[in-house]
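In the two complexes below, subunit A is the common chain; its partner is subunit B in one and subunit C in the other.
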Partner chain A sequence: MILKLAWRNIWRSKRRTAITLGMIIFAVVLSTLTMSIKEGMYENMIKSTAGDFSGYAQVHLKDFWVEKTLDYAFEVDQKMVSTIEAEKNIDGYLPRVEGFALAAMYNITKGTAVLGIDVEKEKTFTKLNERVVEGEYLLPDDESILIGSGLAKYLKIGVNDTLVLIGGGYQGRSAVGKYHIKGIVKFGSPELSKQLVFLPMKAASTFFATDGLVTSIILKTGSSDKGIAAAKHLQKNLGDEYEAMNWKELNPELVNMIETDKVEGYVFMFILYLVISFGIFGTMLMMLAERKHEFGVLVAVGMKRVKLALMVWGEILILSILGSILGLICAFPVCYTFFVKPVRYGEEVAKMAEEYGIEAVIKTSLAPGIFIEQAVIVGLIASVIAIYPFLKLLKINAVNEMRS
Partner chain B sequence: MKKSNFRIVALLIVAALSTIAFKMAEPSVDEIIKKAEDKFRGTQTTAEMAITIQRPKWSRTMELKSWAKGTKYSMTLITAPARDKGTVFLKKDKEVWNWLPSVERTIKLPPSMMSQSWMGTDLTNDDLVKESSMVKDFKHTLLGKETMGGKTCYKIESMAKEDAAVVWGKIISWIDVKDYIQMKAEFYDEDEELVNTFTGLNVKLMGGKMIASKMEIIPATKKTQKTTLEYKSIDFTTPISDDFFTVQNMKKVK
Partner chain C sequence: MLLVKIAWKNIWRNKVRSFVVITAISLGLWAGVFGSAFVQGMMKSKVEDVIQTEMSHIQIHVPKFRDEYDGSLYMKNGSEIADALRAKDQVEAVSERMISMGGLASSRKNGMIKLVGVNPADEKHVSDIYTKVIEGSYFESKKKRPIILSEKTAEEYGIKMNSKIIFKMLDVDGQMTDIAFKVVGIYNSGNPMYDKMTAFVKLDQMRQGFGIETGSNEIAVWLNDHNQSETIAHDFQDKYSDLEVLPWMDLSPGMRMMIEAFDVYLYIIVGIILVALLFSIVNTMLMAVLERVREIGMLMAIGMTKNRVFKIIMYETVFMTMIGAPIGLLLSGLTVGYFGKNGIDLSGAAYEAQGFGSTVFPYLDIESYINVTIMVLFMAVLAAVYPALKALSLKPVEAIRKI
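Then we have the complex of A and B:
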């Protein structure tokens, strides 16, 4: 009965309903778009730092990640291959052998991370060949290397120079080699750019005395979430001898950065919600003032105050739910536009973003969680604010209201 | 009355004298440390040894020849296996140089490499260079005597002096009473956490001195790992000139 009255009241005054509904829809669209842009930025960051280089998931021999020595090299056997291929979230895999070496050029030396790579596979997976800014990309049989642009700058060397690498190889063997620099690669992250040296797998095998063993298998998955799922699933199937790690475990700094940024985001969102709350509150005050006479008459003819209050609360509740749903429907095309057609940053900001290895665009995220979350939050805010008219109506004085 | 008094006094004097005599026979802590240290340092040493790296899943042996003069100079030539043959390390004061025959380069090890493992062993490059003198940089206390490796040893605790630039915070060593051979030592970091345990084995006469011909180093955090050094020959008498320890000479030594 009360709900029915509430429903009828909503349609009685279309203008008032439209204003309240419009306010709620606008709030949902605004908060969803804000959140979607933020999430989109994180996805972008994760993709450019983790996805394009380390993969969203990796498999190593257990403890490799902590010890980081070549003694944890292993053979990619048939069992491993079939286990990985059986995992549905994985689109492909890429072996690497990772070790540390000292790069020496005359009197300057620098510690580097030496990566033995599958030259061909790396092309399609990480597009390493597209990162070559000087010289040429490697061929599988080359006794040559690619070095990061930061490292080249530090050692004051360029393409066609010779670099000496000294390090520890497999099982205590020494790793010493002299390599021709075939190309220079640029990475967004200055950290990577300063320390990476790429060697074709075959040459790396000789250098590290690993004889074809690898230290890591990089897994290609469609999204970061699939990477997490794949790592979890693989860990179970591969057993304790191996460790399957997701991008979060592989890039703790990145996760930290995002977490910090999220906290800042919460403050911003809180202010946004506050503004939204006052907007909704305003429309409610307007509604109360408009209907003073009506409420007065209702109480005067004997309607119980509690019923009256419940009816108005019901009206607002219906409007909140309706507004949230409509807001959701409106927010989607807005976010989708930014998803399909990302907006590029201005020149200055773009440069800065690229220095950090992030693609310089504003791109939204279409994760369904964001939409639902924001709709629910705004809906809740509206229904909580509705407590004010509810309390007000409980203390209504019929005569005073009718007179005004 | 008077007589008994005299007797007591006499007894006391004898007792006092005997303690002094006992004290004189027993060397001071600093002397023990110095004698143990002088076993290898302060002289010139030419030695051939084998170093074995033992890991749960594999082990590897390297053979090397080394020359040392005092604490200032040392030169190490790897003679086996073939992969590393001819590699030379030269230590001159606080610098370490590395000659790599396979790429024909001499490299000065940068500070960042000093804490890295030396040739895959449980020793760090720093262990090779550290110039710290037990006598100069540590304060010693005799903790008592204990039997270690079948020998009666002095157990000595050495704490690093506050201003000394040393790697270790504390060392507990067991030094043989008779020949001043270091039979065991425990190396602790500045937080007094055990880092390495050193054990001397196979004590025998080599090059005219009683020494532990085999040594084991076990890292505290990885008890299943071990590095063993074994002397094949050692010579304390052949003089070595300072000119021997040069970067140029690294390419020529055999």
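Then we have the complex of A and C:
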């Protein structure tokens, strides 16, 4: 009965309903957009720092990540391949053998990270070929290398020069080689550019004496979340001998940065919720003031105050739920617009961001969690605020209200 | 004048309505100011931390030295340059340093570390590292070859106070030399990235290691006014054209980007708050106008022109804005002042791990204060236009007929 009255009241005054609903819908859209922008920024950061090159997840032999020596090389056997392929979150995998070597040119030497790569697979999954800024990309049988642009600059060498690499190979063997530089690759991060050397897997096998063994398997997944799920499943299926790490474990500093930023974001969201809450509160106050006469009459003709209060509370509850759902529906196209057409930073910032390998755009995230979360939060805020009219109506004085 | 009077009286006739609008305006203003102050304060403290501990305002090197810390790239006349800089008015302090990237070995670990040779008396004026010594002291002991390590390095290498360590470095001719040091102090700057790499020794001992008598490969400059860093660095650069003079924002590659990105972020924040405010005022005013349909219809019926009705509503908004704004400003002044002094504790965040204090001190410069206020007031008045126009579209007869 009370609910029925509430429902009818909502449709009795369409204007009032429209305004209240509008406020709630707008609140949901705004807070969702804000959150979506933030999450989008993180996704962008994660993608450019972790995803593009080192993958959202990797598999190594246990302890490789800490020790980082070639002695932790392992064979990619049939069992490993089928375990990885059985994992539905993984779109593909890339074997790499990672070691260290000194690169020498005339009298300059520099420590480098030497990566043996599967030339064809890198092309599909990490688009390494598109990073070549000078010279050409590798072929699987090449005895040549690609080097980072920062390294080339430091050693003062270019395409078609020859570089001597001296390092440690598998199980204490020494690794020495002379390689023709076929191309120069540029990475967003100056750190990577300064120290990377790429060799085709076959040549790397000879250089490090690893004989086809690899140190890491980069797992390519559709999103960062899938990377986490994939690493978790693989860890279970591969056993303790291996370590399947997700991007969070691989990039603890990035995670730190995001976590810090999130807390700052909460403070801002709190301020935004406060403004929104007051918008909703104001709308309710106006509603109460406007319907004084009506409430007075209802109490005068014998309606219990509790019932009256419940009825109004029900009205607001219905409106909150309706508003949250509608807000959710309206928020989607707004966020989608910024997802397809991201806002670009100003020229100067854009240039710097790109130097860092971060896409210089503000792009929203369309993760469904954000939408639902914000709709629920705003809905809750509205229902909590509804306690005010509820309490107010419990103490209503019929005569005074009707007189006004 | 009559219209102004009517508008003023209207405001006090319906107190609830006016209260809602006035509060919305003051709250919106507060949110705008406080939000910006929070972001700006956060930025400021991050920047200040980095400047005070790691960067100082300006650093001078031989070009390319920073690439690989090549020992042969040093300023032979470092002390002369330092003295010349000290004589300048804008400069408060100058510290010469000699830096080597070399090997540190212990029974537990072999690794690279950046050993910074400093003159403690000078260094204290350009970096606050001396305040972050948690064990031992900042070069106050009488030990012959003192070194100060970070807590992190000490842990990683398993080194304790008073133990002896060997540092392997290349001298200016590229010859390998070993020097022994004794640990006299352990510091923790709060930034693990910095701590992991950096240790301090005395400048003359570092020079000995390099095999030189005088000279330095880094000169850190502290200015009177940190906002002048860029212009002054530019002036110095012109004077010492064969050296590389960099202001703090160019010393770390991500710094400038971080600052610029923060500005963009600030605009977004203020933008969102303004939109929220706009909507909440439009809403309230709309309700206020539509509630008064009968009243406005009556006014129109007895001959008040639409133009005048519009004016009344706008005047009302302006008045309410004028009441709400000082309240909002007072509120923001108080909160920014209070938290600016006491800080907002965000220790739940991973701040420490990133090298920043976990407390944010909101801060807003006068310029932004004024900007935000003007924007909010403008928005408030703008928000009244639509409801006022809506009122104009009323037809007197129909309006009166409504309940």
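Please note the rule applied: the second predicted complex is superposed on the first by the 399 of 404 C-alpha atoms of A that agree within 3 Å, B and C clash if a C-alpha of one lies under 4 Å from a C-alpha of the other, contacts with A are read in each partner's own complex, and residues count from 1 in each chain.
Definition applied: contacts are C-beta pairs under 8 Å (C-beta built on N, C-alpha and C of every residue); 3 or more make two chains touch, one makes a residue touch a chain.
Keep in mind that this is a model prediction, so the values were computed, not measured.
Trainee: Based on the superposition on subunit A, does the combination of subunit B and subunit C result in a clash or a fit?
Mentor: clash
Trainee: Check whether A:Val176 is in contact with subunit B, with subunit C, with both or with neither, and answer first, second, both or neither.
Mentor: first
Trainee: Just to be sure I read the superposition right, which of the two partners does A:Asp71 touch: subunit B = first, subunit C = second, or both, or neither?
Mentor: Touch partner of A:Asp71: subunit B, not subunit C.
Trainee: Classify the contacts of A:Thr109 with the two partner chains as first (subunit B alone), second (subunit C alone), both, or neither.
Mentor: So A:Thr109 only meets subunit B here.
Trainee: In this superposed model, does subunit C or subunit B come into contact with more residues of subunit A?
Mentor: Touching more residues of subunit A than the other partner does is C.
Trainee: Answer with first, second, both or neither: which of subunit B and subunit C does A:Ala209 touch in the superposed model?
Mentor: So A:Ala209 only meets subunit B here.
Trainee: In the superposed arrangement, does A:Arg8 touch subunit B (first), subunit C (second), both or neither?
Mentor: Touch status of A:Arg8: no partner.
Trainee: Thinking of the overlay built on chain A, is A:Gly168 touched by subunit B (first), by subunit C (second), by both, or by neither?
Mentor: first
Trainee: Mind pulling up the subunit C residues that touch subunit A in the complex?
Mentor: Residues 14, 16-17, 19-21, 23-24, 27-28, 31, 34-35, 38-39, 42, 67-68, 193, 253-254, 256-257, 260-261, 264, 268-269, 272-273, 275-277, 279-280, 283-284, 286-288, 290-291, 344, 346, 348-351, 353-354, 356, 360.
Trainee: Any idea which subunit B residues touch subunit A in the complex?
Mentor: Residues 53, 55, 57-58, 60, 83-84, 87, 98, 100, 102-103, 105, 107-110, 112-113, 116-117, 119-121.
Trainee: Taking the complex as given, what residues does subunit A use to touch subunit B?
Mentor: 71, 102, 104, 107, 109, 111, 164, 166, 168-169, 171-174, 176-178, 209
Trainee: Can you name the residues of subunit A that touch subunit C in the complex?
Mentor: Checking each residue of subunit A against subunit C gives 15-16, 19, 22-23, 26-27, 30, 33-34, 37, 110, 154, 190, 253, 255-257, 259-260, 262-264, 267-268, 271-272, 274-276, 278-279, 282-283, 285-290, 345-346, 348-349, 352-353, 356, 362.
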